[in-house]
Each structure stands twice: as structure tokens, then as C-alpha cells.
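The next part holds the structures, each set out as C-alpha cells.
Shared between the two complexes below is subunit A, which pairs with subunit B and subunit C, respectively.
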Partner chain A sequence: MAHTTYYPPSGIYADSFKKDIRIVKTRTQLILAVSAMLLLVAVPLIPGLNSPYLLRLLIGIGITIIICLGLNILTGYCGQLNIGQSAFVMVGAFTSGLLNHSFGWSFWACVIPAGMVAAAVGVVFGIPSVRLKGLYLALTTLGAQIILTWVALFHIPLTSAGFTVEPVKIGSFYFDTPERFYYIALVFTAVMAFAAKNLMRTRWGRAFIAVRDNDRAAEAMGIDIFRYKLIAFAICTFYAGVAGSLLVHYMMWAQLESFTLNDSIWYVVMIIVGGLGSIEGTIFGVIFITALKELIFVIGPMLEGTLAFLPIGAGSGLLLVIIGGVAIFFLIFEPRGLAHRWNLIKAYYRLWPFGY
Partner chain B sequence: MEFLGKIVIAGLMNGSIYGLVAIGFVLVYKSSSVLNFSQGYMLLLGAYIFWFFKASLKLDLLPSLLLALPSGFLMGIAIERITLRPLIGQPLISMITVTIFLSLVLEGLVSLIWGTYPLEQITVFGRGSGTVGSIVLTTENVCAFGVAFGAMVVLILFFRYTNLGLAMRGVAEGHQIVQSMGIGVRRIFSISWGIAGVAATIGGILMGTTLGFQLGLSHIGLLAIPAAFIGGLESPEGAILGGLLIGLIESVVSGYLGNAAGVPATFVVLILVMLIRPYGFFGLERIERV
Partner chain C sequence: MRTKTFAAVLFLMVTAVMMSPTSISWAKGSVGEVLVGNVSAMTGPTSGTHMMCQSGSKDYLYYLNEKQGGIKGEKGQVKVKYVSYDSQYVATKAKDGFARLRGQGIIVLTHCASGHSDALQVDYERAKIPLVTGSHGIASVWSDWAYGNYHSGVANMIRTWIVWCKENWEKEGKPGGQLVLGCVATDEPFVPLALWDIDSFVKEQGIKLVKETIPKGTTDASPQLLRLKEAGSKAIFVQSSAPGAVVILNSAKAMNLGIPMTQCAAATLGDVIALGGPELAEGYQGEYFFEPMSKNPKYEDSQGMKLVKELWAKNHPGEKPNDMYVNGIMSGMVIAEGIRLALNEVPPAELTGETLKKYGLDRIKNFDCMGLSKPITYVEDDHIGPKHLRYWVVRKGVLEPVSDWIPTTDFRIPKK
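And now, the complex of A and B:
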């Protein structure tokens, strides 16, 4: 079952192009999608599920999904490595926060400019690297992480100390509790994921894939590599900026500590575990790694408590070893990530009982 | 003037160590075109292994060096064997990302075994000092500089004149061709990672004796990346000059603009160099036309 994506649902014949490109192809898929959405909408209302802890976790997952979607468009679809994504989240977060704090703009007015500014900064850092092949973008993005953090820390007084930001509001209704903000995160995540899914099926998306798979062939086919790499980078950092804007308006507080090099590496781990070049995979990866992280946050201190011979800080060491190990494991043994597993399950379901 | 002299000397001293670590990058890059982001963490682990022999087992300098350097070699080989070997034939990007994740694992290992606090300070080269004009030089600094420079020269000669060094350069050009000429690609990979491990360990020991044995040592790997790039990723001489240049820039900028500005300044220089001379000053320019 190598080419799992080529098994369409049984009895569905794409006799017109319109039918062929539909995302939701069968009634079962429609029912599943609608019920999943309803379940997600209902989470804050169901007693037992609506603990603030779980809701905060879900909001975090939603925002991280937006960040990782952008990263997956750049890394998974266009084949350019970015290890400074959290710096661009920071640019979006501070842009949005400053517009709100200093000029009193509401969240709705801030969120698009935040994405735009992040994309503009991203393009500036992208220009030197897109002329070159391979690993050079990894370097400039690493540079971006270091330079941008330094600028925010030493050259803008407000951002170095941290400042308050207003919560999201519509009219006089404030989304200031986890139950309320959950819906904002849900809507944004759904819209951004849907946009990413569709964007990757357009001319741009196909051009990105061509650049990733063989840039020389792509150029010979008339694809302007320079332009498409920059577009991919701009989209990636735009997603980061929007997520950053959401993040500050959710936390109601903007500070530097949330945007470190380690965070950037975590995002890369998430998309690799989930599956490079897959929108569903991004979502799986973020959920998987976040759950793993929460688990280790519980186990780590327990271990440190019971095993007295471990030095101070062993818990954080354990976290790093496990996360790094999982990522390496996926790269070596499951390079197509959880998304591939998901496709295998789907293919098994579709071919059952003749799965050979 | 005295202040400038002091920071220039300090910059060159650190720069020689950056150069040594950058040679580790060059070594791995030349034999596999992989940029090893975990070099800084290999340095950290190597330094801690040395500290273990020297401080925990209370061995003398020479035996602990004789134990630490082969351990560094084995560390490099083990890393190659476990993480890089299974990825041969995969896209280059997955080999590069695996080194990023490797750095997480190595940092985690170090803090699992030794904790996150700095270790007890040990003296390695004695504590004398002398003056040149008005500038104070400690024995540690001079020894660090000498060792780093000597190691660099040995590595350069190795690449130019030994069969093994030439074989490594061949492997970087293309695996299939070299394999059909009777050179074992896997063996070359192992050896070059082993040597990179030794270079990292030497750098780690030198840095550890001057800065203290602490988790922050891994940042030297971060500074060695611009050094390797500015010099050109294919060239050991470039790595040394790049290292000295980066050390100088870092030290002068942090001397005049404040401590924190040093590292960002080196990355600004890196981005400028990439705009003007994308392949570094001594790198191999690959021309591609479609």
C-alpha cells in the first residue's frame, strides 16, 4: 500500500473536474466533519470537559497549529528550512501588542497588520537566502531569531519589559476567559487551516512542490524559483504574525520569554512528527507533541522527586531527550509522519476486507 | 588604545577556538554536505566528559586528555552511526534537521547526567600570567590559542596530503562515484564524524577552562556557524580566518556596544557576506544554469 492517497472512497467517480477537486467527497466524510466541528464547538459547554486546564491546552494547540501551518507550507511544501519561526511570531505579537497598547487599535484592526509586518520582516531576512540553495535559509532564519530578539530586548523599551494588551472584544463583549477565547482560537485555526489546505491546491502550491522536488526542473518549466521561495516565506511568516497577534491578545500580556530559539525548534519537531507537506499532519503533530510535553511535565518532577541521584534540572533534560529522540525516531523510521499513518488507516478502511 | 588592544587579543584568542569548532563543521560538510547544527552540543558533551575524567575521577591532565579525546572520537562515530547512517539517501534537509534534533538530545543528556548548574571550576594549564606591553596574557589563554592553532594546522595538512583526507573530499562530491572507485563511503562518514567529535572536544576543553564548564558552552557552536560560512564551507583555511574574524567582531562589538551585542553583530555580518559573496571567501562556487 505504497500510494495510499490514490485510493478514493469506493463508489465515488470523479466524472467532472468539479467533483474531482472536492475536499469532502462522501456523505460519511461530511457527517464526520460536521460532527467533529460540533464537538469542538461544544467542548466549553460539556461539564467535565470544560476545565480551564483543558481549554487552555486547546487554545495553545490552536495557536500552535497556525504557527506550524505556516512553517509546513515553507518547509514541507517548498522545502526551505526555517529555524527562526518563533522570532516572526514575536514580530507579529509585538506589532499587534504595540498597536493596541500605544494607539488603542482593537484586535480586529491589529491582526492583519501584525501578519503583514511579520511577513515584511520575513521577506527582508529571506532575500539573502533565496538566491542560494539548500541550507542557507536555515542560517538566515537562525540569524533572524538572534538579531530580532536582541532588537526587542535592547532597543525597544516597551518590548524588553513586557506590557499589557487588551483582550479581544466584539462591541462590549470581551473574550477574556478561556471559555470565551476558545471560540476565537477555534475560528481562526479552522479558517487558517482551510485557507492553507486550499492554497496548496492552487498554482502557488503546485509551484512550491515543484521547487521542493527539483528546483532545476522547476526553473526549466518556467517557475521563477526566487519569487516562489519568497512567496512561501512571506506566507509562512504571515501565519506566524497572525498567531502572534492571537497569542498576545489571549495572554493580555506581551513578553519576550515566550519566543526563544527552542520554541522555533519545537515547531520544526511538530511538523516533522506530523508529516512534512501535509495540512492534516500539521494538526496531528501539534496535538501529539503538546500531549507528550504535558505528560513529561507531570512525569519529570515525579522522577526527580523519587530518584534522588538525579541532579537538579534532570526533568528538563528528560523533556529534551524524549522530544529530540521522538523527532529523530520519526525522521528515520517514519519520514512521512503521522499523516502517513492516517492515510494507511484510511486506505485500510476503504479496501477492507480486501486489503491486499 | 590599551582597551582596544585588550579586546583585539581576547577576540583573536576566542576566534582561534571558534575556528577550531568551525573546522568541525567544515569536516562534516566536506564529507557529507550536511551542516551539523549539533556541533556546539558535541562540544558541550566533550567538555563535560573531560571534566568527568579530570574532576570526578581526579586524574592528571595527560591521562584525562588521553581518555577524553578518544571518547570524543567515539561520540562522533556513535552519533553518525545512530542518526545519520539510516538517513543516507534521504533528502539533505532531513539530514540537516536531524542534527538540530540531535542538539536537543545532547543538551538533554548533559543536563540529565550533570544537571543544569555550572560545574566546579578546574584549572588545566596552570594559572600564570605575563604581560605584552600593557596587555595581560594568562597561561590559559596562550595555551588555548596554541592548541587551537596547532590542531587547525594539522587538520589542514591532513586534508591536503593524506589519502584519507582526499577520500573525504571525494565523498563530498558524490557517493556513487566514490563508492565505485573502491572508497567506502560509510567508513569515511564514520571517520569524519569521529574527527569532528575530537575537534569539538578540544574546543570544549579549551573553552571550558576559560569560561567554566556550563551549559552555555554550546553557544560557541552558534558562533562557529557564521565563522564556517564566512570562510566558506569547503575550506579549512577559511574556517580559521572566519573564526578569527568572528572572534574579533564579537569582541570589539561587545567591548564598545555592550556585551549582548556581540553575537547579533556576527549574524548581521554573516547576512551581509551572504548577500555579497554567497559562498564565503574561500568556498567553492557552484555555478548552475538552467
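And now, the complex of A and C:
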């Protein structure tokens, strides 16, 4: 978990609980946060950064951040392992897609029901968490991945075949290009990240952490651990459902093959690399892994073209080796993830020149 | 110190990735050079097939560059530059890849992945970049911008086989009075599509089809095969990729099944021989839309196959032949023919996705890929491709034909 000794900026005192839990504590932080948001808003307008490829990457990162935020709330904050997150993304995606395709509902009418249906399904699969922990619970979420995929494949003809979905629109304005959809992804990512950050400052958030750290002690203090575990499952899968809805309206196509066990594993890797139990870590993890994957995707074919002795596919095949290596590296050398590194960098900056 | 170093390395890596899309102008197509893009799953469960298809199309187009200085039409000549992107068989990655290749300036996209054909449809149609695919999806088979060179839709694999079996049964004088056929399928994603509304078709044909499913990853298909045998199946169709087929063949051999089995086009007999060995594959049949590389050398090669073997020997020295390579070569040939026809009408500088479609691909008629397949003709509302297949059987590790070229059925899963 991303516990790091916290060094507040010089002269900043938390003389009340309210001040202590503030997200933005200094003017510098506020300026940096606003600047970062302005920069992100301006990306599609900046020559060189506004290529459809880069914007698509950023949209993908945004949607994946939402998925991983949910997963980190459940796994990182509440301590309940979930290796079937992709299946819940699929539930949201198909709910939204079918409501749009079959009933003509717009994205705005579909997105909340998609999240709620995913949350309802998530709660069902979360019920075993009252009796099961760790790997045993992980197996039930793996079961969710298999069962939900099987239902979509063999029992719903439309989902097994794939179908078209309308893009997001406001009035007659369609968000059907990367340049336009980027803003939808940005707004949703920002709102969902802010909501997750806030959630951890509430009674629910503190209950999650208590359940994670010692569920018996939490129960002894009066926390209904079954209730809070199910709430964590519901929130986690609600995030997945919303992300699924965004995904299909962005792709304008709903397809079963987009939601695999592989994806679920990737999401777990991302939050481990970023930092379990950290909202910032989730964002770092998604960006880091996505950047690493892209680097390999881009360099792989170039290597194959340059080095004649490499067989076709060798460059891309390196991906699994490198990503696996990165996950092992982080587990051994930096189990608290990139979020911990980020905190160390901040501490170094704040303590300078007295770092030692 | 460690923190600073870590941060610096991280920063450099992220910067390198962020900058890479902006530094791609080197690859922009110039006059006399056109970019052909490929988005395939070079990693993941289908990578073997996709790599071969990519290799085939790339090798053929580069062969033209070397031997003829590129592709020549009446109004000019172009060389081809081939750029690719690994999608991992993930639709969102395929879309990212298409955006990247489009940014580089491709005028045509190629691949062999039905899922990608569908997921990318809105992208290539909007970009007005034609797709030459070795595998139509159920939506792309309706697209005006997708051009196929393989099977005529996933649902026609078993339909065509049923028609073939029925014809043979009728020639034999309808023994038994009722034709009973069996189908054993794995629970792979393409299977429900391959069996789409098959009951109606079976009813039309007046035969009985018994269906069995085996879970992917199982090691024994004996119960399913036993049930098919007890139902009186005269022949069995295997809807599976190569690993599933090997499990089914192993079980059939162990129980001495004695019913002819036929592999669907999702895998080649060459794949099955490579995985299970020639002894296990002995007598196993399969459907091919092109001339297979692994056929018995006693049969004469077409001009196309001679070239395929030459390119294989050059680019894959020491490797065993792979039938899907032919599929890739055919994609390359269709692209080259389209570019050649287009260059008869427009100079290289005006060669775009639109002009390639209008003056090239839409005008391809009776193009038989140097004898590798039955002639391909693209007309409005029909970009399916060869629409003929041939059944082959494994004999002593090589393939021998058991049918002539026969037309495939023309069923299309309804447009979504």
C-alpha cells in the first residue's frame, strides 16, 4: 500500500481535521493543478500533440484510469482482490450499447444505467467476499469473468456478433472524432478521479481502509464489514460500467473480444505498478504501463525492419517479457508503486537542501 | 540519488513515447512511394495466423519493389513502404494503430482478423481508406470499403460443407434415407457466429445436424464424439482452431471413431499437422480458399505457388511451410493489382485511398492471384472475394485434393 511518510510543505499546518484532509493544501498545488488541467484541455489545439493517434492514446488512458480507479478502491483501499474487472466493464459496455442500439437511448441516458447494472452484477459476485478472502475471493471474481463472457457469447446473439453503437452527442453535435471525444473522456476521468479521491475522505473511505487493514478489528469497532465490502464491490463495478459505456460509445462498436481475462490482469498490473491504495498511483500506473506498451509497439516493428535476423513478431513479442519483468521489478523493489516514488520526489523537493 | 535517477529514467521514457507520434513525418508517403498499413495481432492467441498473413503481404509487395522497381501503371510507378502495428487482438488497440498508420499516410489497410474488420469499419470508411482483408467480419462483409480474399463469411464454412456432403450423399444414392451430419465445436468466440441460424439452413436442406460443444482447453472430446457416432453421423465438421482440432483428433483416434472429419477454415490442415503430427492428422480433411503450400509435391504448382515458395524460401529459410502465408500473399496481390489499375488512371501523386478504391479495387475483375485461387471479382455490394473453396485431405503428412473447386454458399449474417 502506498503509505509514505508525509512531509507537509513548510508553514502549512493542519490544526483541524478539515484542514488535514484538504486535497489542495497550498497555492502552488492549486496553480499546478489548474495549469495541468488547462494543459490537458489545450492538448487537441496544440500542433504536434493533436494527432489522432496521440489523442486516441490519451482517451484510452482516461477510460482505463476510470476502470483502474474502481479496481483500486476495491483492491487497494478495501483489500478485496478482483481479477475479473474486465467482465464488469463488459456488462456496462453491453448495457449501454444495447440500450442505445435497441431502444435508441442516447449516451447520456445510458451511462448511469450501465454503471448501475454493472454495480448490481458486481454486488452479486461480491457476496462471497463475506466468507472468502485473498486468493479464494480472487477465484470468484475469475468466475465472474468466465460466466459473464460465456453468457454474452452463447446466450445473447447480438453480443456474440457485435453491433454498432451511436457516438456521444449533445443536440446535433456529435463527439465522433478523437479530437471531440477527448473532452468527454477528460471530463469523465476528472470527475471520477475527484469522486474517488473524495470518497476516501469520507466515512465510507475510512471504513474501507479499516476493513483492509484488519477486518476483525474493524468489526469490533462497529463497522459492518459485509456491508462495506459490498459497497466497495458496487463502487468498483460502477466505475467499470461507466468506463464500459464510454468505451463502446467511443468505439461506436460493441464487441465481446474487447473484454478478456488478459485485460483484467493488465488492470491489476497497472494498480500494482502505480501503487495500491492510491488515487495518484492509479493514474501513474495506467500512464506508465500504457506508455511502455506503446513504446514497445512502436519500437518492435522498427527493430524487425532494421535487424534482419529478428523473426517477424519478435519485437512485439518482447512486450510480454518486458511487462512481466516490470511487474516483478515493482513487486520486489518498489511494492508501494510509483505513487510512493512520487511522494519521495515531493519530499525531496520540500526538504531540499536538507534531504539528508 | 536513486529517486532522481528513477525519476529521470521515467521522464525520458514517457517523453520518448509522447514524442514518437510527432516524429513520424519521415514515413509520409512521397511521390513515387505509397504506404500500405497492417494492423494485426502479432501477440496474443491468433498471432501465428496473423504473423503469416502480414509476412505474406509484406514479402510480396517488397518483392515487387525489388524485381520491378515497384508497381507500374500507365501513368506512373510507385514503390511500396509497408508499416505495421501490433493490436494484440484488442479492438481499441487496433483503432489506435489505425490512427497511427493513417497519420503516417497509408492509402490502404490490410490484415487478417474478422474482429478487426468490424471494429475498424467506421474508421476506415470515414478515412476513405480501403481495407483488403484476409478475413471478413460479419459487418465488414457489407462494407463498400472492405475487400476480401478469403472465406465468404464465417457462417458459410459449415453451410458449404453441408451442401458438399449432401451432394456426395445424393451421388451415392442416398444411403440410409436420411443424411445425418455432426458438428463438434469449441466455445471460441467465432463459433456462435459460424453456427448463426444454422438450424434454418439444415431444415431447408432436409438433413439432420447433431451439434456438440467441447470447452476450450479440454483434453478429451470422447463423450461428444461418442454421441455424434450414436446419432449416426456420416461425417463430422470441426468448428475449432488448431489446438481444439488436435484434441478432437486424439479422442477420435483413441476410440477408433472411423467417421470422416473436416476442419473449418479457422485453421489450416498445415497447422493441425504442425501441432499434432502427420500421423494424427492422417485422413483429416480441410477447406481451402487458395492453393495450400503443404500440398503433395506431385501436384503441379500454379505460377502463384511457385512464387509463394520462392518468397518463403527467401524470407523464412529453414522454416516449415505455413498455409496462411498464401493468404497474406493474396492480400499483397490484390493490393498490387488495385494500385496497378489505379495508376492507369491517375499519376502517383494522386494515388489516395479514394482513387485506389475508385480506379483500382472496384475494377478488379477475374483476378486469380496467379492461379492461387478462383478468380476474384469485386462488384457493388459484393466485395467478398474468391467465393470458391476446395476440400483437401492429409495423406502421409501432405495434402491431396478430395474435391474440385466448389462455390461457397452466400449467406450473410444480417447487418447490425
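Quick note on the criterion: the second predicted complex is superposed on the first by the 329 of 356 C-alpha atoms of A that agree within 3 Å, B and C clash if a C-alpha of one lies under 4 Å from a C-alpha of the other, contacts with A are read in each partner's own complex, and residues count from 1 in each chain.
Note that in this section contacts are C-beta pairs under 8 Å (C-beta built on N, C-alpha and C of every residue); 3 or more make two chains touch, one makes a residue touch a chain.
Since the structure is predicted, the reported quantities are computational estimates derived from the model, not experimental observations.
Asker: Would you sort A:Arg216 into first (subunit B), second (subunit C), both or neither based on which partner it touches?
Answerer: First partner only, subunit B.
Asker: Taking the superposition as given, does A:Ile23 touch the first partner, subunit B, the second, subunit C, both, or neither?
Answerer: It touches nothing on subunit B or subunit C.
Asker: With the two complexes superposed on chain A, say which partner A:Leu320 touches: subunit B (first), subunit C (second), both, or neither.
Answerer: both
Asker: Is A:Ile328 touching anything from subunit B or subunit C once the two structures are fitted on A? First, second, both or neither.
Answerer: First partner only, subunit B.
Asker: Considering only touches as defined above, state whether A:Leu32 meets subunit B (first), subunit C (second), both or neither.
Answerer: In the superposition, A:Leu32 contacts neither subunit B nor subunit C.
Asker: Return first, second, both or neither, reflecting whether A:Thr164 touches subunit B, subunit C, both chains, or no partner chain.
Answerer: It touches subunit C, and subunit B stays clear.
Asker: Based on the superposed arrangement, let me know which partner A:Arg341 touches: subunit B (first), subunit C (second), both, or neither?
Answerer: second
Asker: Regarding the shared-chain residue A:Leu153, is it in contact with subunit B (first), subunit C (second), both, or neither?
Answerer: Both subunit B and subunit C are touched by A:Leu153.
Asker: Check subunit A for residues that touch subunit B in one structure and subunit C in the other, and list them.
Answerer: 150, 153-154, 312-313, 316-317, 319-320
Asker: Considering the complex alone, what residue numbers of subunit B touch subunit A?
Answerer: Residue positions touching the partner: 35, 37, 83, 86-87, 90-94, 96-98, 100-105, 107-117, 222, 225, 229, 258, 260-261, 263-264, 267-268, 270-271, 274-275, 278, 288, 290.
Asker: Would you mind writing out the residues of subunit A in touch with subunit B in their complex?
Answerer: 75, 79, 81, 83, 125, 127-129, 131-136, 138-140, 142-143, 146-147, 150-151, 153-154, 216, 219-220, 265, 268-269, 272, 310-314, 316-325, 327-328, 331-332, 335
Asker: Name, in rising order, each residue of subunit C that touches subunit A in their complex.
Answerer: Counting only subunit C, the residues touching subunit A are 3-4, 6-7, 10, 13-14, 16-18, 20-22, 42-44, 47, 51, 54-55, 83-86, 88-93, 95-97, 99-100, 102-103, 115, 118-119, 121-122, 137-139, 187, 189, 192-193, 196, 413, 416.
Asker: So in the complex, which bits of subunit A are touching subunit C?
Answerer: Listed in rising order, the residues of subunit A that touch subunit C are 48-49, 51-57, 60, 101, 150, 153-154, 157-158, 160-164, 178, 247, 251-253, 255-258, 260, 262-263, 287-288, 291-292, 294-295, 297-298, 300-301, 312-313, 315-317, 319-320, 338, 341, 344-345, 348.
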